[in-house]
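When the chains are written out, they are named A, B, C and D in that same order, and each has its own residue count from 1.
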Amino acid sequence: MDNFVSSIQTVPLNHYLILSSIIFTIGVIGVLIRRNAIIIFMSVELMLNAVNLLLTAFSAYYGDAAGQVFVFFIMALAAAEVAVGLAIIVMVYRNTSSVDINILNRLKW
Amino acid sequence: MILFYLVSLLTITFSLLVIFTKNPIYSVLYLIATFFTFTIHYVLLNAQFLAVVNFIVYMGAIMVLFLFVLMLMNLNKETEPMKSNLIKIIAVIAGGSLLVTLIGSFKQLDALGISTINKPEIGLVENLGKVLFSDFLLPFEVSSILLLSAMVGAVLLAKKDKTDNG
Amino acid sequence: MESLSGRKKVLEQKPMTFMERIYLPAIFKGMGITFMHMFKKKETTYYPEQEREFSENWRGMHSLKRDENGKERCTACGLCALSCPAEAITMTSAERQKGEEHLYREEKYAAVYEINMLRCIFCGLCEEACPKEAIYLDGPIVPSEFLRKDFIYGKDKLVELSITDLEAQKGVLA
Amino acid sequence: MELAFLIEKVAVVVILFVLTLTIAAYSTLAERKVAAFLQDRVGPDRAGPFGVFQPLADGGKMFFKEETTPNGANKWLFIAGPSLALLTSFLGSAVIPWGQPINFFGRIVPLQVTDINVGILYIFGVVSLGVYGIMIGGWASNNKYSLMGAVRGASQNISYEIAMGLSIIALLLVTNSLSFKVIAEQQHGINWNFWYQPLGFLIFLVCAFAETNRVPFDLPECETELIGGYNTEYSGFKMGAYMFAEYINMFVSSAVMATLYFGGYNYPGMDFVNQHLGTTWGPLVGVAVLLGKILAFIFFFMWVRWTVPRFRYDQLMNLGWKILIPLAIANIVITACVITFFDKF
């Protein structure tokens, strides 16, 4: 384990920033280009995870455990969010037999 | 060092595959792979607890739910709704500019100049637990209420309405 | 609901007691029973080495009988083939030539007599149909083979050995 | 990372791998033998004396059978399913300590592939991954019975994972550690965790049955309702992989149970034995003891299989959610109360 840590210590924090922002951007693009509600949901998860990674990196580099505790809370929240979100999607699918978000336009009227 | 870049490359590849694969089931599987690489990142950061929690919560529970729902809905490539190419291109351009903005703003952070892990033992269960149950005790309790309400909400939503025949 | 015949009895099911509801005692009891069976006498018959006793009316492999002089009884009348519900029996008849009287009892005999053991259901109707008492299902269990064609038994396997053959076999054994 | 260290680890991994495979292979024979004995039969005894070569014959048969891929099946995922099942079943054995550190020609070799200090959580994660093999295989078969089996398997595994985790939390209150190595060392002699956590062990045992899809919880592969469950469409070696994964799972969960609750390699009088046999043979006796415990658990799995009938699906869910989870929570509360009580005085 010690070997691992000493090897990772040489990676600058900046690279974690860049990696997380790339993943976050991919998540954003995913939300924009897909119409399948589940895939959009998954892209949101991807964005959440990018933030998680960044928080963990910050916490590890600054030596402050608060960041990792935050990640823990985000994971708990993500679990709750997925449960409710998927339940909503299942309801939508039951009513419209599709998960196309364009159908949800009807919510406007 | 090299391991980090290798894993990062895998992370980016898999997450790109998530959003560009047509078959939703493949998307879910690629997302699982992405989360697996995230787990490796956490291990590399010596955040062992988070690594395992990520493993259990994301890969073991959340993604199984996704897979479950997708398999039961029987969505596949043929029924997958896709947006037009124009929207796709615009979305990619928008995302790209977001990325440029983000990275541009991070340039400012260089001044902070921290490039070594200070206390590597911070991610161990013991230390994390102490912080969690002392400084963050109230949020911890509140999150349990959140989980409970989410559980009730999910059950209520997914339950078939008995009154009408839908 | 009142039953029409008035004979309906409603079985009264008592609610299970706590001990019954936790199931574990019942499970342990069952496991005790199965465990005791490990030490009981095994019921297995080691088949090729040991054979179980066949019953009186056991129907096994067919055999084509000979009469007391060692002549084949079958006259290829075809009644067995006709009666066979599985259509397992085929035969071609031939006329007895001069000098073959010691082989066949009547003027007509079966030159080819084949039973497809894969089709045969061992019902014994051929036995009943035979007017000459030539076929009996008194043999052993039909052995297994690797090829389907090996299950078509010809006269070489079906006709019972003559007395001379038996003596020859004994000679070899002795 | 010196070379000797690397060799040592590779050796431990290879031995463990071979051991796991052998035990899994012979579990298939043992299953048939146990079934036969419990039913007053003798079981397979034709291939070699007492049928010892039966696993080889079965394996050979598996290999040479025709493999069919159903029309409309997803080719890649159809292959990925059994491979994933096999892979995840192997992963668990990495953190189990097989014995005390052994003196091997003057070198102290720890008999554990790796000691991560979140070992129990790791096992947990691996177990939760086991669902994917079943789900992917069942879905990729393009068969509604397979899909039903897969869905059943997934919901069963997720449901029982919760009760399993809660029962482990009560154990953690006793052990104060997540590392298998520390937990095994704590149970020196006969100071086994089972004496402190009998209820927790019972819950864990039931959950282990459910997680390995063994009777009485083998609903994902019940022949009477689902014509074979998630592996309906599989044949030949892929089918063999699924079957093998089940037996390896059984082996690993037996090892976990033996280590967590029944002292692992510890046995009464081990100090005496260690003193007299030295640091090479002493630990080996410990390994033998652990293997004995594991085999006893495997026998128990089989014994239950040939005794208890299958649960109905709603009964299974009721048992998981309405009985085991409340019981496990009660167990945590009681354990915590007792520990605080004894700490005070």
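Criterion: contacts are C-beta pairs under 8 Å (C-beta built on N, C-alpha and C of every residue); 3 or more make two chains touch, one makes a residue touch a chain.
Just so it is clear, the structure is predicted and the values come from calculations on it, not from any experiment.
The chain pair with more C-beta contacts between its two chains, of C-D and B-D, is B-D.
Between chain C and chain D, the centres computed from C-alpha atoms are 47 Å apart. Note: centroid distance chain A to chain C, computed from Cα atoms, is 70 Å. Chain centres here are Cα averages; for chain B and chain D they lie 29 Å apart. A separation of 67 Å divides the Cα centre of chain B from that of chain C. Contact of a single residue of chain B with at least two other chains is seen at positions 49, 53, 61.
Shared interface positions of chain D, i.e. residues touching 2 or more other chains, are given as 116. Multi-chain contact residues of chain C (touching two or more other chains): none found.
Viewed as a contact network, the protein chains form an open path, each link joining two chains that touch. Chain C contributes residues 27, 30-31, 33-35, 37-38, 40-44 to its touches with chain D in the complex.
Residues of chain B that touch chain D in their complex: 25, 29, 32, 48-49, 51-53, 55-56, 59-61, 64, 67-68, 71-72, 124-125. Taken in their complex, chain D has these residues touching chain B: 74, 77, 116-118, 121-122, 124-125, 127-129, 131-132, 135-136, 139, 147, 150-151, 154-155, 158, 161, 178. Touching chain A in their complex are the following residues of chain B: 1, 3-4, 8, 11-12, 15-16, 18-19, 24, 27-28, 31, 34-35, 38, 41-47, 49-50, 53-54, 57-58, 61-62, 65-66, 69-70, 73, 75, 79-83, 87-88, 90-92, 94-96, 98-99, 102-103, 106, 109-110, 112, 114-120, 122-123, 127-128, 131-132, 135-136, 139-140, 143, 146-147, 149-151, 153-155, 157-158, 160, 166. Residue ranges of chain D in contact with chain C, taken from their complex: 37-42, 303-304, 306-308.
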